[in-house]
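The chains carry the letters A, B, C, D and E, assigned in the order they are written, with residues numbered from 1 in each.
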């Protein structure tokens, strides 16, 4: 097993061998196997944004098995989806790719300012479906954040008790945050810290901007001279904010970008800032399959340094 | 074992030998071992205030293991932190310092007037991590205080059932309290009483001012001539309010003070008023390590009377 | 055992021998043993009103053990207090006086119009501490009364399952009640009935005035000519309202009265109206100890008819 | 994923995707990955026969981690061992080889005629240690077989509920069987059938001889002309007896054979009879490490047909 | 913390930080703190052999607190005893010495050939009493060994779930073993292996003789030339049999020896063979207190090499 994998596992010394095994399964799978880098395919947009907004641009993607096959063929480390999508392919693809069960979901038919995701699956479901990890979304900043924090830590505790790993999507949102604030560097770093404190093994955040949302935080960033000018610097700060780099932090691909090169530049920023990789949904399955495979291949080459 | 330790344990005669053992472990550890005095390092500010506001001034403190080592090297009685921070060092430092698992947390991305902390860990987590105690924050004065009281007493009951001790952070806050009221002498004394009635073994409050918040209380203080002019007098009154001195009451270090001497004076006030010590977070880890060690050493000398 | 005790126990025929045993322990203890009369010392004011307002007038009362000793020396039937206060003396005074664990509490740092007490102890705690009964406060009239009724009946059900008795503090309060209405004769009688229907063994209410709060009730009281002119008549009506005298109803001592004689007159009213006694907190522990002992002795003499 | 793996998984259509995933993990690991053939390293002899009899001939094998490394370096599909042995390496080798927790064990310090293995681990242990399957020994023929059958089916039921697979060691033994009967073709085939009926996913039996133990069976074998003359024929009959080849049946390596070629011939018999492979303990770890690696390499080449 | 302690803890990598913490507490206590060596005081002879046979020779030893004080004053790593003995001192000595609750016991009023110890305490008792570990006796060789193995592994599993450590007394005995066989080198080594496979953290066996009990084992010892001529060689072989030295193996002091020097020689053998120390009951408390303290001091000096 790669030295990087061993080193990363050493950061999770309080976990059981079972949880370490499942983390290792993710790190030892696909084209990035052994590198300590991650490209994960998540497909929860059908629930989160609706089917047409998610799949009409590439209709084969309406089929759940399309995504299993895409993740496998692209050499992703894992495939993450809600209960229904996983149930619709877990038997057919048993053992072919590590699975992450997305445990809570939110839809746009009711889109409140202070969102609360609904718990839509259980840890026992994850075991039944052969998953390596459970995933959970928290919305720091929401008036309902306390509820999600408690659900999240209960899910993580139960997952650990069965030797599973956990992934936390930490997406700031709520009445107290401006739209820009959702991706402000101070807010994203804070969101990463919260997920780490809740016991997450893998933390997913959005790429941060140079904006600073909180007045009190602004003083500190300026006084301490925290470098946040480039994307790489901001990624480095977020990673530092997750236990000084001792938790796996990956970044969401975000809305579909027409321009592949712009996306690659973001990946270079993640890589150069010490980020652990990407979790790329819409930019994968909203591209035509061949395009998506080539696109993901380039992303992976960037992460392992085969491409600058 | 020191006479002071035996005497303090005698105040907790209704507790099991297991809980007494864990209280003794805290009192018999570090440079204050046997003295019945406490200096505890708490580090939950990453969650409570955000990572940059907590650690940017002293970047090594982003690393969870920094705090274990600081608490050990400074000779603290115990180290208290949320789940994630403890998991990130409990194996490496197993058996080297008593640990307190902070069971609930609150963040500032949504900062409501009547705060409610989220439960972010379980008593079973505390056993799994080898902790001697669980810690819980209540906000007397919050419209949501009842929820926290109930969660707190359930945590304490479960902790006692496993032979663990409990620490309650009792921080008045809420719509009915003025800003000054949060540290008013009557309010802080009341907060100490509530924590004691909930069954807390160790009570943490803020240092009180001479302000009196409640009109009804003001009459009593004036009529009875309760002395509250000096810090020592106020500390004495708070300690008296926690079962006439038969519960361990310690005081928070509060915001970082540039002036070490001002902080030492506070410690003298705590000592002279019969307080049991301090729980010093930001004033420890926001100083450079060498400074922090010298600073904490001085604090400890004050508590045991080696320094006036 | 006294005939009165046997008769009173006969009213609780549906209860287990265990619960009857614990009721008998209360009735067979202290200076009123065997008389079927009660004087109970309750000390929850530290939580309910704050420590200084409760104890500053008589500082030895900050010490939890002061109250155990006072209840024993005065010959009270029982001592009632919240978890923390009982834990701080239950071992030292084991077997010396029947204990009642006060299971829920409310504080004044947030004083809402429609109060809800927080559950601060469990029935298992009562067993652990050697209590004969659990006590619970309900606020009929509060918008949150339903929550407390349910918690109360669950507590009573669990208490009975272990052979414990129950005491219900039934204090009308809430937005729909006027200040005078809280002690109106119709309201107090109603509160006694609710407690009895919830399964309470001992019911504690405030002394009623001749005011009638509810318009519909007023018509009935007038039409039926219910005598409510004297305190004794009102007490008789309240006792009648609690299953025609077949439930133990005791009355709170209320705020501290400077004038002992005025208090004694209230006791005479309770006695002459067929009340079962008093539960006297502030009027006991806010007097100096010697005064309190003489005061309680007089009260007891009134109840057993040694004094008119 | 190999066609063979897909086909084999199709035989277990009633199992959850989780159990199929764990079966696939075994089939997709090591040098036989994808072939549908198995070579598993089991090391329970320390418990079953004693440490010196197991390891003195090759002292590095006293070290639990020796066996993890041997299984990995030899390219085995999985490593199977009792609780203690797995705990002593599961962290260090997390994710490097599929693990099977041996759930019951028997020792020779008391060697009864009708043996009963003690349950020495739990299914939750298997999850905690990151195992893909649990293993259980039954002794058909023992007067205590019913106890083991029930324990076995409970273990299988629980394992399936968590998405784990199961391996059953089915070793006929007991007062009603002659020594020769333990490996008689009718008895071994019967043992395979019993394990399959109990719900086992992988069945381990001893290589059968041409002896027929049961008189009633003998008549049938002769009448039907079941071919059992060669080892391949007997293997074919055993595989047929486990649901007509739709359950994975593997064969134990048995006592250490000095002669490698004799062992290879047995493997050829297994292969040619449609057996799925071997579970080779003593013949692996009682050889010197380099010899063992070469030996196992040859065995694997035979199974995939690279060697005749 | 000592390097030896860190190294020993590294052998238990699959355990939780809680269990490691409790192991560390034993290793960091008393005069051998930090050395990785153990001298534990066990006092279960009152139950096992009867009070007079145990204590009449030194009557102060009838008092349970005598043994707490002896273990503390002698600087032992821990004190182990049955439920009653621990309950009779756990409060008075809370926090002064690590405690091990002996979970099962056997008495001589019925002394069967195939003994079965009765379970006389629970893991929850151990938590209530503040213990660091639970202890369990198994009798390999007994016809009832299977029952004890199962009880033992259940106790260990539950103990681990609460972060406690486990100690297994592995004493071969039963109809299939000769009297000499109980301490035969092959049998003692086998007993150590069984305890290790059951998941024990600390294994206690008797000192082995050069006798070999099992015929099959004898062949192996002779063929492999396992050196067993001296006590040190035999200890080395037993330690090797417990996972190649990666489990803590300590040796019982056995029957009271009049000759201190003979006992010291045994300790030298244990030390020179790589044993981890002794668990010395009768030879401690059946000596007069002053003698016992001097005696144990010498034993400890031998273990750390201060005495040859």
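In the analysis below, a contact is a pair of C-beta atoms (placed from the backbone, for glycine too) under 8 Å apart; a residue touches a chain by one contact, two chains touch by 3 or more.
Note that the structure is a prediction, hence the values are computed from the model and not measured.
Colleague: Work out which chains are contact partners of both chain A and chain D.
Modeller: Expected: E.
Colleague: Can you tell me the least number of steps between chain B and chain E, where a step is a move to a chain it touches?
Modeller: Tracing touching chains, the least step count from chain B to chain E comes to 1.
Colleague: Can you tell me the least number of steps between chain D and chain E, where a step is a move to a chain it touches?
Modeller: Minimum number of steps from chain D to chain E: 1.
Colleague: Going by C-alpha centroids, which chain is farthest from chain A? Tell me that one.
Modeller: For chain A, the chain whose C-alpha mean is farthest off is C.
Colleague: Same or different for chain A and chain B, where same means more than half of the interface numbers show up on both copies?
Modeller: Both copies touch with mostly different residues.
Colleague: Average the CA atoms of each chain to get its centre, and name the chain whose centre is farthest from that of chain D.
Modeller: Between chain D and every other chain, the largest centroid distance is to C.
Colleague: Can you give the whole-Å distance between the Cα centres of chain C and chain D?
Modeller: Spacing between the chain centres: roughly 71 Å.
Colleague: Need the CA-centroid distance for the pair chain C / chain E, whole Å please.
Modeller: 57
Colleague: As a quick test, compute the distance in whole Å between the mean CA positions of chain A and chain E.
Modeller: Centre-to-centre distance between chain A and chain E: 50 Å.
Colleague: Note the residues in chain A that touch 2 or more other chains, in rising order.
Modeller: Residues 13-14, 16-17 of chain A each touch two or more of the other chains.
Colleague: Specify the contact topology among the chains shown, as one of line, ring, star, complete or other.
Modeller: other
Colleague: Can you work out from the touch definition every pair of chains that touches here?
Modeller: Chain pairs that touch: A-B, A-D, A-E, B-C, B-E, D-E.
Colleague: Please name which positions on chain B make contact with chain A in the complex.
Modeller: 46-47, 49-53, 56-57, 59-60, 62-64, 66, 82-88, 90-92, 105-112, 116-122, 124-125, 128-129
Colleague: In the complex formed with chain A, which residues of chain E make contact?
Modeller: Within the complex, chain E touches chain A at residues 13-14, 16-17.
Colleague: In their shared complex, at which residues does chain A touch chain B?
Modeller: Touching chain B from chain A are residues 11-15, 114, 140-143, 145-147, 149-150, 153, 157, 172, 174-177, 186-187, 189-194, 196-200, 214, 216-217, 220-221, 223-224, 226, 237, 240-241, 243-244, 246-247.
Colleague: Which residues of chain B touch chain E in their complex?
Modeller: Against chain E, the touching part of chain B is residues 1, 5, 9, 16-25, 27-28, 87, 90-91, 94-96, 127-131, 161-163.
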